[in-house]
Each structure stands twice: as C-alpha cells, then as structure tokens.
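Next up, some structures in structure tokens.
Next come two complexes, and both contain chain A; in the first it sits with chain B, in the second with chain C.
The block that comes next holds the complex of A and B.
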C-alpha cells in the first residue's frame, strides 16, 4: 500500500480527518486564550464597567417621588394643571397619609431636596409641613382620646380592634401591600414577621384606618423594633377613624361593626358629634399656603414617573415646562457655558501642547541617540512625577507672591503693587495643564517622527525646495499621525480633568468635572451629577472610538 | 552653492554679536537696578569691547576664559554679596565661552558647510526655543525642591535663602512630615493600598496580556477596548460611578473598595507594557520547551516568564505609581480611614496651605526618579533580551 493510492480526506496521526483536527486545535487555542483573559475581563466588568453602568442608570432614575408619596402620585394623576387650581380633597387626603409615614421615616426632607432641584421653595415647604403635620385633625384626635374616659388611649385595645380579635380572619393582602410600600419608602427589608395582621372585618369597614394602623405596626416592629401592641398608634389612625366615621354612611358602618372594642368606638364616634368632618385641603392650606400653588403641584406631578429625562434636561440648561421641555431662566443657565468652557479650554490646552510639543519631539527624534536619551529624561521626569507635585509646583510658581511674580518684580518688568494675577483663573489652569499633559503629546509625536526618514528632507532640498517647503510639503504630512494621536489623547485627558482646575482654577477656570464633583459631595444632587457625567462620558467615548480608528489602542505607548 | 569654511571671525563681527547679547543681559540687570537704558548700554559696551579684544587672543583662550570667570565673580561679590558672586561667575563662564565660540566659528563646526548664515541662525534659534520648552517642563519640579528647605512658612524664596544664609534653610518641614500624625497615617495608608492594588492588577493583567497575544483571539479589539477603558474614561466619572455602585454594595469607605478601584485603574498600564513586551516574542521557544518535555506551567515559569519579566515589572511600577498618585477615586470611594498621601496633599493645597506639602513633593520626586530609572533600565534589558537594538 502506498500513500499515492490513498483517497478521501487527509488524516491526522490519530485517524481523524486533518481538517477537523486542525479546527479543533484552533478552537482549543481560542478557548485557552479566552480563559486567560476571562478573569481580568470579569474583574474589570465588576469593578469598573458595572459602576459606570450604574451611573448611567442613575441619570434617568427617579423613584424617590413615587416611593415617598406612593398614594398621592396615583390620585394626582387625574389632576390637570391647566385648570389653574390646586388639586382636590382626595389628593390632599393621600398627601396627608403619605406625608405622615414619610415624616416618621424622615424621608420627606429627602424628597423635598429632590424636588427643590426643579422648583425652589419645595424643600422648605416639605420640611415645615412635616413638622406641623400633627396640627391636621388635632381637635378630632383630642376628642377621640377624651371619649369614654380615655378608653382609646389603651394600646392593647387598639391592637385588639385592628386584629379583629383572636378569632377574626386576617387581611394579609393589605399587610403585603403595605410591606411593599414601606420597603420602597425606606429602602429597608420589611419582610419579617411583625406579629400583626389587620383584621378582615375592620379593614373592610374602615379601610383607611386599617391601612394607617398597618403602616404604624410595620414601622414600629421593623424600624423601631418595638412590640406593636405596646405602642400608642399614630395620629393618622385617629384621624382616619374620624374621617371614615364622619363620612356619609360612616355611622351605619360603625353600627354594623361587631368586633372587639365596638362599644368604645361607638362612644368615640359620639364624641366627634360637635366637630366638622376633617378637611385635608383646608388644613394643608392652613399649614402653608404654598400648598395651593399650582406650580408646586405641577412639579410633583411632572416628576412622579419612575424614570425621568429631567436630569438630562437640567444638564443642558432646560427644564420640563407645562408643554414639554423649555429653556431655564437666563440666570440659572450654567451648564452649557461650563461645557463650552471645558471644550474651549481643552482645545486651547491641546493647541498649546502641539505648539510646544512639536519642536521638542522633532529635536528628540533628530539628535544623536545619546543626547536624545538624556533630553528624554527631561520629558519623562514630569510624566512620572506625581500630579499633585506638579500642581502644587504651579501653585507655588503662579501665586501673586510666587516665584514668577518675584522674578518679574526683581527684573523690574512688573511693579511690586501690580503683580500679575496668574492663578485662580483660566490662565492658571491652561498653563498648569499644558505642562502636565505635554509629555502625553511629545511621546506619540516622538515615536512617529522617529520613523520618518531624514533623507526625504534632504532629497526635497536637493530638488530645490526651500527649508520651509521641504518641511511643510514633505516632513509635516508624515508627522500628522503623531499630532493626531497626541492631540486626541491630550484632549480626552484634559476634558475630564478635575484636580488641577480645582486647585489652580479658582471659579473662572473650572471644568465640568468640578461641577460633577460638587454635585456628588456638596449639593448631593446625584442624578444631575450622573447626567452631566453621562454627557461627558459620551464625548470621551466618541473620541476614544476615533482614537481607536485612527491610531489603534494597541499602539498606545508609555515611555 | 557656496560652502562656508570654519575659520576665525573678524573682531567686528564678534564684537557686534557679543554686544547684542550683552545688551540683553544689561537690560535685565539695568531694570533691576533702576535704569534699563543705562544697563543696556553698559552691557553692550562691555561685551562688545571684550569681543573685540578676545578675537585677537584666541591662542590664550583657556586662560582668558578663566580670568573672565574670576573677574565677573569678584565684581559680583563686590556688588551684591554671595548670590551675586554665583550669578557673576555663571555669567563670566557664559561670556567667555560665547565670545570664543563666536570668534572661532565654533557654531559652524558641527553643521554641514553649505548652510547659509540665515539657516545657521535658525538652527541655533530653534535650539534656544527647544531649550526654553525643556526649561518650562522641568522648572516647576526643580523649584519645589529648594523651597522645601525653607525656614519660613512661605511658598516663596526668602531673602535669606537668596543670600545662601544657612539660617534661611531648615529641615523643619521634613520633620513635620515625619512626626505629624496625619501625614504619617496618610503615608502608611498609601503604602498599604498601592502594593495590594499592584499585585491585583499585575496578576490579572499579565495573564490577560498573555491571552491577548495569542494568535487567534476572538473579539480581540473589543476586549482590548474594554480593558484599556479605565485609562481613558475621565477619573471623575470612574470615581462617580464607583462611589454610587460601591455604596450600593457596601464597599464604599472600605480598604477593599479602594484597593479594587485602584487595581482597575492600574490594569491598562500593565496590559499595555506587557503586551508591548510580548510583541515579537518567539513562540517557537515555548514549542521547543514543550518538545523537550516541559509542561505548560514549567514552560511558563522557566521560558516565558523570564523573557517578559522586565515588561511585567515596569507594568507593575506603572500600576504602583498610578495607585500611589491617585487622588480623585480615593477621594470618593475612600473614607477618612483610607486617607492617602495624595489625598492629604490635596486637602493641604485646597484648605490650609502648609509648606510640608513641598517637603512631601520633594520626597515624591525622589521616588519618581528612582522608578523612572528602574523602568528605563528594564526597558533596555527587555529590548536586549528580545534581540532588539537598545535605543
């Protein structure tokens, strides 16, 4: 048998067709490469990409309104701001119960702060009303507490009434609903057993009261970690009872009630006889007349959905108006200016880096290796020196009592009482950042210029070109890739800079990054910070993509 | 085209150029002393005369230059004490060298002979421009160092310092750095965080770089883009994202959180340096090792690792310095317990300005010089190992 007679596919040593064997080997290679990369990829995804994604999510997330005022948001849906009148009684009723729970959980001020970003004044409205909520239905509460020699002051009796006694059926649907609501409001876990289930009978007859008591029970058991039956119920429970008994048909419901405490409740209802039914709207307007302001209500309504474009509108100096997006008032427009300034200053910095970097890169590429290496140290040393060291150095140099001013005064170029202001303005930021980013321009330019053959220049000159023509028509076009690479790198780095502008930029020389940092750590408007960050990120990623297309990320070199 | 031979210049040429230089210096000295015009004239006349005389004495160049240095130094001493002596000596050195350089056409010695005078002037003009840019690059770093020995709490040179009065100098800022609780805690935190982050990024990064340099990697470009992104995404955005996310999962304000964040930031540097070392790695070496019976692990540690070690170490140094210098992310992800050296410096610069910062800065510059030297040596060694010509 000879090889020449063999027909069919070529076989590998183990008898499988060579083609399949090769394909398997290739697949194995791919899998092995991916296995080596996988740990890092997962690490980067978890520690870096996921946080960025989280930030993007935050820029549109707006759960706080619907979480805090869960019921109000629903009842407010039908209100039409065009009528020019504040919402009706039902909305204020929901607001009272929502606000009370929120105030107990101390969440209402957070919501106030959030809404204050959109409409100034809401924060103080929420804060003051949260403090004075007890005023609403105060007379009714007092009357109920006095009724029947204070029978209703007994915590155990209330517990008995609300559970419907040991034999009554429980309304676990209500409990679950309130659990979810409280969990959303506080961000805590409310799934624990609280030793309380609202009675089905009472929640059927007096749903509002049952709801209020369930909220109280959940809050007491989970947040305060107390026993429900040993604590005085919230005022909301009394107010809810007064409201429901005095409502049309309330007396009949009470008469139909046969569960525990029926006698006490009836006695209490009689005590209410002389009082007007509770009017939530009037009471809220008594607390603060701003509750009648259509603008405030419109803001609450506009920002009730779970997701909002509000932060993005805000970051381009717009807001949600009555009919769609509209520009903010002149005096509140800062972000467009800031974006423009960031772009402009980054461009100036990039341009100065090109101007200063080009000659240096040229001379490094054209000197003999030994001297070039020596001079290279002067470029690499700043590159390796801590950013803060360089920034502090510039602070020292540029101050009014600093080194440069001292030298200028000593030389007599500047009068002692007219020292130059070079720091805490745009000039300071541009000088310091040009210095800091210059190595990032020189290094890519240098590596491109190294590959340009010097004989081209000589050939051009021998063909009669002047120095300038030879440079401009022959050398410069070949060095453009280096300029491109360096410029994109410097521009990307400079538009996101934070530390240097913060220290030498004062107020006029700061970038959008400084505003982002301010919103994260000082004003705590995280949504707006995230939206501004998202816009900045989009710009950077676009440039990164361009960089990858033009230069290729594989070709990034360090030192 | 006319060739210009290197020959001695006429006294008139030397004198006029030297007078120009003298006028420039004279202008500065003159304005400092009150009258710019007078200084300008005096400088021009002085150097012009020197140029005219020296051109005829080229044979005794060495002696005359020495004499110039001594005369100017003494004149400086008589005029303004010790600092002026140094300045005078430096000026004398320059003047002597410059005049003879002109007189002997030294400036043409290293240039091709067909250049026109204009081209020669441009050649040196260009070098002066480049020199100025190098000065711009290095001055801020150099200025910090002497200022850190200031005896006063100033950020500027005091008259005592300029007089070289020993009383104007002290080590008190260094003493403050070494004894102050806050600075020591910050240094200690930095030293606890940076190595840990470096180990993480080098470990993961080296493995991935080896994977990435295999011949057949699916989605190589996309993976590369993701892995390099921590270097590209603005730090404030990384910091914001990490702050939000890490507070969700309870890592905000913890040592682990800061280490993870810094490791992520250091990874691109490791990837870039290690893949650069792996370019041109001869894969037949690993096959040869396998052929001789070595398993993949032995091959890695005995063949591949020694060859890429320089790249791994310089990547590690990059990762270390990234973490050691990083301030934005730690500012947000860390809490007071993780206050690092850059953080402390940042606070110092923004709030209470203390010159201790300059002492710390000087120490950090020293560290950077050490790291830079190490990286350069490693790079050359790596190129030698891989048979590339050292550059």
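The block that comes next holds the complex of A and C.
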C-alpha cells in the first residue's frame, strides 16, 4: 500500500519512469519495423524516386550555356537586343577565348545542339566556327612565331615566362579561378597538382595571356596528361599577347616587364608592328556572318541563366520572347492540342472499359466457381500475350484490307471501294487500347462485386423492387468502389500509353507520350521531354486530388 | 645488391606480363545494329569471319534505333557497354557533336584499298563526320503495287502526288525529312534550289501545302517494316521505305511490287566507336572496324542485302545474292540505271533545321 501513496512518476521494473520506458520500447519497435522495410525503401528510393527526380530536374536545368561560355554570358549581360546591333568587341573577345577552350574540350557542339532547340541554325554555326577558330588572329600568331628566328616556338621558354622564373611570386587566385571554370566546362576533376602556377608579375601586366596560358596548362596536365613545359601553348596565348601588347598602353607594359623572356617578347612585339590589332568581332563575322545576327545573340542571352523556364513554356506552346513569355507561332503549336487529346481519349477509353467491363465482371462474380474460373482465364489471357502482338493483331483486324472490312464487303454491307477507315485514327487507338486495358477494369470490379452479399438483392426484390430498381438502388451503389479503382487504374495507365497509339494512332490518335518518346530518343531534347513529363505527372496528381475531393479515395477498393 | 636487382627484375617482369596482356585486346565485344535482315548480312559478312579469325566472342544487340539516346544515358551513367555501334550518318554526326563517339582517322585506322588507294580517298565524300566510318549507301525510295496502278506504272516522283492518275493510299514516313524535299520538287522547285527554299518560312509552308493535297490519302509510317507490309496487304498503292526492304518484298517474297527509283534519297549507314572505352576494348573495336570495312568485306555484305558498299573499290567486287543467285549490281541504289535522279541527304541542313521543321511538321500532322 505504501507504493500507491508514493508521489512522483510511475516507475518501471528497472527504475526508469514508465512513460519513458514505454516510449523507448515503442521507438525500438518503430526502428525495427523501419529496418524491415529499409531494403525496399532504399531500393525504391535509388531506382525509382531518384532517377525520376533527376529527370524532372532537367526540365529547368540549363547550366550548359554558362558553363561553356562562362565569360561571354557575363560580358553579354550589358548588351541590349533592342538596339538591333550585334554585341560589341568585348563580347566577341570573350567568345573567342571561351569558344577556343570549349572546342578543345569538344563541348561547343553540345552547346550548339542545345541552343539549336531554341534558334534554328546555331548548331552548325557553333560546329563550323569551332573548326575554323584558328583563322582568328592567324597573321599575328604567324608573325609572333617567326619573330627572332622562332624564339617563341620554344615551349620551355613559354613555361619560364608564364611562371615568372623560379624567384617570382605566383598568382594562385588565377589558377584556382581557372580550375573552377575548367571543371564546370568539362565536368572533370581539375583539382590535381599540374606543376604550374602563373607568375604574379606576368598575370598583372598581361592578364588575358596569363589566363589563356593557365587554361592551356590545366587542360594539358589534366585532360591530355602531358607535362605543361613540354607542350606548345595554344594559339590563344599568342593571340592574347598580340591583343594586349597592341592595346593602348601595351608597349609601356612590355617595357616595364623584366621577367624571363623579356627580350624575346620585345622582339616579338616588334614583329607585330605592321599588323592591325586583332578585331575579334570582324574575325567572327568573317568566319560566319550569322555571328552578326541579333536573334542568335538574343538566344544566347536569354538562355544564359543556370535555370530556365524555357522548356516549360515550350511545352505549353509558348516561348521566351523579347518581352517575356509569348505564344509560339500558330504553325508550331502542338502540345496543348496533344494534352487535351490525351485527356479526352483517356476518358473515352476509361468509359468504354466501364461499359464493356461491368457486365463481364458481374457475370464472373455470379457464376459458379468452375465456370467463373474458366471465364477468368479468358479475361487474363491477353495479359499473357505480348502487347505488340495484340496491337498488331488489331491492325490486321481493322485495316481496310483487313478481316472486318473483308467480312463486311462479303456480306454486302459495305461497297468494295468504300471500305471503312477504322485504323490510323482515334477510333483505332480507342478500340485497341480499350481491349488492352480492359482486364485492369474487370479485375477490381470483379473482386468488389464478389463481396456484395446476394441476399441484399433478394431482400430488395422481396420488398417489391423491380429488377432494375434492385440493381440500380441496391447493387450498383455497392459496386461503385470497384468502378472507381478500375477507372483510376485505366485512366492513369492510358494517359501515359505510348506504343499502341504509335502503331495504330496515325496522326489524329497519338498521345502526348509519343512526343515525349520522340524528344527522349530522337531529338535528344531531354529538357523538353522532362517538362512535358512533369506536366503530365502534375495533371495526373491534380485529377487524383479532384477524385479524392469528389468521390473520396476511401471509396476505392481493389478487393 | 645483385640479389636485390634480380628480385626487382623478377617483380618488374611479373608486373609487366599481365600489363602487356591487358594492353592487348578484349576477348568479348558487343556490336549494336538494326536487327533483321540487315544485322544478318553483317553477321554473315563481318562478324562470323572475324570471330573465326580471332576467336573473339561477339554479342549482337539490336538497339540502333535508340542508339543516340542510349549512348547518352550510358555516358552519363559512366558505363558504356557497347563497343561498336551501327548508326545512320545523321546520328553519327550528333554523337560526334555530343562527344559520345570517338574520332577516327581513316588513314590511320582503316585498311587501304587493294590497289593502294588510301582509305580516305577510297571512301571519298562519304566520310561526312570525323567519328563515322561509312559502310553502306542505302536509299529511301518508293515501291508500288504493279497490280493496282493501271497500265502506266508511276515513273516519276511526282506521281506520288498525283491522286487522279494513281488513286489510293500512299505510305510516307512520319517525319519531315525527305517528304519536304519531294513535295517541293513536285511543286516546281528546281532540284538545286530545294534547300534554299526550304530554309525559308514560305518554303516550308509551300512544302506542307503540297503535302496537304495528298494528306487524306497518306498512311504515315515510323518503322521501316511498315511500308513493305502495307504494300503486301494492298493497303497502299505506293509507299516510301528503304530500298533493301523493297528488294526483299520483290525478290524474296515475290510480291507484285516494283521500284520507283526516281528522286531516291541516298543516305549512309556505318560504324561509330563510343567514346570512353577502356584501352583494350578500344583496341578490339578498332581491330574489328579495320577488318569489317576493308574492300572485300564491304563487297561481301552485298551478297546478303541490296545496299551499296561505301568504298569505291568495293563496287566492282559486288557479286550475286548468296541464296537467290541473282546479280546484285542492278538492285543497288548506286547502279547507274537507278541513280539517274538522286538526292543526297543534306546532313548540315537537317542538323540545323530538324527541330524547327519537325515542330511545324508535327503541328501540321495533328491539324
């Protein structure tokens, strides 16, 4: 009795408060349960959720432009397309150095492909310009190489110049910046020691040349796995030197330079005397006059940010115009039509599955077990046949020289020259897909109908209800959960259907998923495919939510 | 000291031996192609003799239709499982652009012709991409039902657009490429101006307007096997497809079908090697390519399928069909009689305009 009078919490056998002890036991149970499902959870997460999330993320991701043309997108920010003029020299200068590195890394064609989705012609513009980049500043490079009996053709001397000799201080900030840039461009790891640090003096006097050489050094050491001091520097280094020494104040800078190779550089600079300073804009326009096209530059500028709404706009028949989003030209609008058509046809298919499936499910549920099993096998039989075979069989049935038309002609119901068109249109898709998806409707209906007690019907009839009233007021309401489950299954399956519409749909019977498949496997526009897929997913979730609000998801039974 | 040197030497040899072996070639390879009769012809002409010669195990995969997308996915996953892939030239160019295919120097990696002509000259203009080794020239052209076209069989491409003379359905591919060119050609545009016209908005409208005149009589196909089936069933009176498919309908299945070679569009099919293979797999792939694209081997393939070999030096060696025993030369798209009026697939143009025109074409189809 003394226990009950004791104040304070109730204690467990081991002296801890009972509440805490209970909580711990429950937690243990939860953890154990979690561990039991952990394999499945991890499996689903890794093989299902993550890949889908990654794919959907592509619908907004647009790193490629800023990764490939990292400097150009910055200098291009100040350009205003309204002027109707191509950007100025500074942008073309950035473009040259960006493009050169990108072409070495073979990344420029990827960017060309990406931008070609938005502006026709950019693909070949990038491909051909990447091939001809050496033409830019060609005379300057030749003059520099010839100067002083080819003194500057010595790769060891260049290495010496760019490191500033053994005593000079290094500019490691530049090195780190270029490391990050190269890593973003190629997607490779550039953190390794490359045996080169740009000299502080040279990088201060000739920043562009130091940058170009650092890019070259990083690329040579990491991508080509060669020793920097044993390789000829890229043309960009020569062009950068020519550009900087011929710029106003360049000669003074050179005169102030006292580091290694000063004599050779001075001699080389003299060799440039007869040449005009490099004009990047003029050179690019020489390569391809499309570089003067405002539309191309506007596209690069519009798609500079790391994330873009462009794919989503595209998938609802819009595009990024000069003043924000605008409708696409009418002759390119297709996706809204396809979304609507997909919804409409999926509804029709679901409805025809209900109409055809309900009587079958009813018979299945009310026959004696033996005959019901036989019928059940007939329902399941299509499941055991390949989808392609079933779809092709419909082709044989429905085509103009097909079985149904032949029979109709033989019966004299249809004239031989007026055979019915039943395939390669919406009708064909609806028929074939209804057939293919029918089991998904029948099975849930059947299992729900099996649980309906037949005595209710008898009770209704004995109370004076007609057959119809008994069915409609007593039986049907109880079978609704089965219809609901079957409809959700069939509708969601048909919304994402692809192969059957492709084969029997012709032009009017194809779904949005056919375009998604096209963009995944043919046009390689995965961003657009991801955006279309995301919208489709959102629509399905929205309909599911609406269904829950209107009918109630508790009202769905699979058995 | 001496002992230590010896052990060091032994260790080096022991280390080197497996290294030397590893630097050798892989003894298994996966070859990807299109399947069907085409893969068969490659297996008979290339793979079987190669496996016999080297003892390598060859796995055949039939995924060429999705090769670009799959290679891109493999590359992103960092695990490329294919060694040699058969693709059409347009796909090879895209793979090259995307950095998914390896660049191959024809003179370094391919056999010279028997008369000593370098590989580069032997293939000539057909080397349309740095990553691509052409293998065959095929053409997309029309076949028609001889029993359904009346007394004057179609002889010109424009007969396809003539519903009065040749009523009935036609099968066309469900994409703008080729169809747009044919439409313009039959709308009075001169052959050399076709692409200049097609570059413009009005030109594209013009082509679609011409296609509009037969739109209701067209069945659109997406797989190469569709048209032969539609022709055999009598669903269409004429249809476009690859010439090899028509050859098998006409000569192997003996269907009442004949060829309409006018304005056939040449295209190339050939090999690429995926980028990022290990050294031994790359060595094996290059070795296979060297073997499979020499003059004799390319001519051998024509024994099994009616596609023209891509090497100039192979043409005279083309003989008879391996089973039917008929001369293959007259069935080649490159045969002078067949090649009186031809088009060459314009790779540069379609690389640029494909997305744009396809969007318009699909929107037009859906209307």
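One rule holds in what follows: the second predicted complex is superposed on the first by the 429 of 559 C-alpha atoms of A that agree within 3 Å, B and C clash if a C-alpha of one lies under 4 Å from a C-alpha of the other, contacts with A are read in each partner's own complex, and residues count from 1 in each chain.
The rule we apply is simple: contacts are C-beta pairs under 8 Å (C-beta built on N, C-alpha and C of every residue); 3 or more make two chains touch, one makes a residue touch a chain.
Just so it is clear, the model here is predicted, and its values are computed rather than measured.
*Asks:* Just to be sure I read the superposition right, which of the two partners does A:110 touch: chain B = first, chain C = second, or both, or neither?
*Replies:* The second partner, chain C, only.
*Asks:* In this superposed model, does chain C or chain B come into contact with more residues of chain A?
*Replies:* On the superposition, B touches more of the residues of chain A.
*Asks:* Regarding the shared-chain residue A:492, is it in contact with chain B (first), chain C (second), both, or neither?
*Replies:* first
*Asks:* Answer with first, second, both or neither: which of chain B and chain C does A:306 touch in the superposed model?
*Replies:* neither
*Asks:* According to the stated criteria, A:47 is in contact with first (chain B), second (chain C), both, or neither; which is it?
*Replies:* First partner only.
*Asks:* When the two structures are overlaid on chain A, which partner does A:521 contact: first (chain B), second (chain C), both, or neither?
*Replies:* Both: A:521 reaches chain B and chain C.
*Asks:* For A:16, decide between first (touching chain B), second (touching chain C), both and neither.
*Replies:* Neither: A:16 stays clear of chain B and chain C.
*Asks:* Which partner does A:466 reach: the first (chain B), the second (chain C), both, or neither?
*Replies:* neither
*Asks:* Report for A:403: first if it touches chain B alone, second if chain C alone, otherwise both or neither.
*Replies:* first
*Asks:* Take the contacts of chain A with chain B and those with chain C, and give the residues found in both.
*Replies:* Common interface on chain A, chain B vs chain C: 399, 401-402, 502, 520-521.
*Asks:* Report the residues of chain A in contact with chain B in the complex, numbered from low to high.
*Replies:* Chain A reaches chain B through residues 26, 29-30, 32-37, 39-41, 43-45, 47-55, 58, 356, 359-360, 363, 369, 373, 375, 377-382, 384-397, 399, 401-403, 406, 410-413, 435, 438-439, 467, 492, 495-499, 502-503, 513, 516-517, 520-521, 526, 529-530, 533, 536-537, 540, 544, 547-548, 553-554, 556-559.
*Asks:* Looking at the complex, which residues from chain B come into contact with chain A?
*Replies:* 28, 31-32, 34, 36, 119, 122, 126-127, 129-130, 133-134, 136-141, 143-144, 147, 154-157, 200, 204-205, 207-208, 210-212, 214-218, 221, 223-230, 232-246, 248, 260-261, 263-264, 267, 269, 272-273, 275-276, 314, 318, 321, 324-325, 327-328, 332, 342, 345-346, 349-350, 357-358, 361, 364-365, 368-369, 371-372, 375-376, 379, 391
*Asks:* Can you tell me which positions in chain A touch chain C when the two form their complex?
*Replies:* That would be residues 106-107, 109-110, 112-113, 116-117, 120-124, 127, 331-334, 337-338, 399-402, 424, 502, 506-508, 510, 515, 520-525 of chain A.
*Asks:* Could you pull out which chain C residues touch chain A in their complex?
*Replies:* 65-66, 68-69, 72, 94, 96-99, 169, 174, 205, 219-220, 222, 233-235, 348, 351-356, 358-360, 362-366
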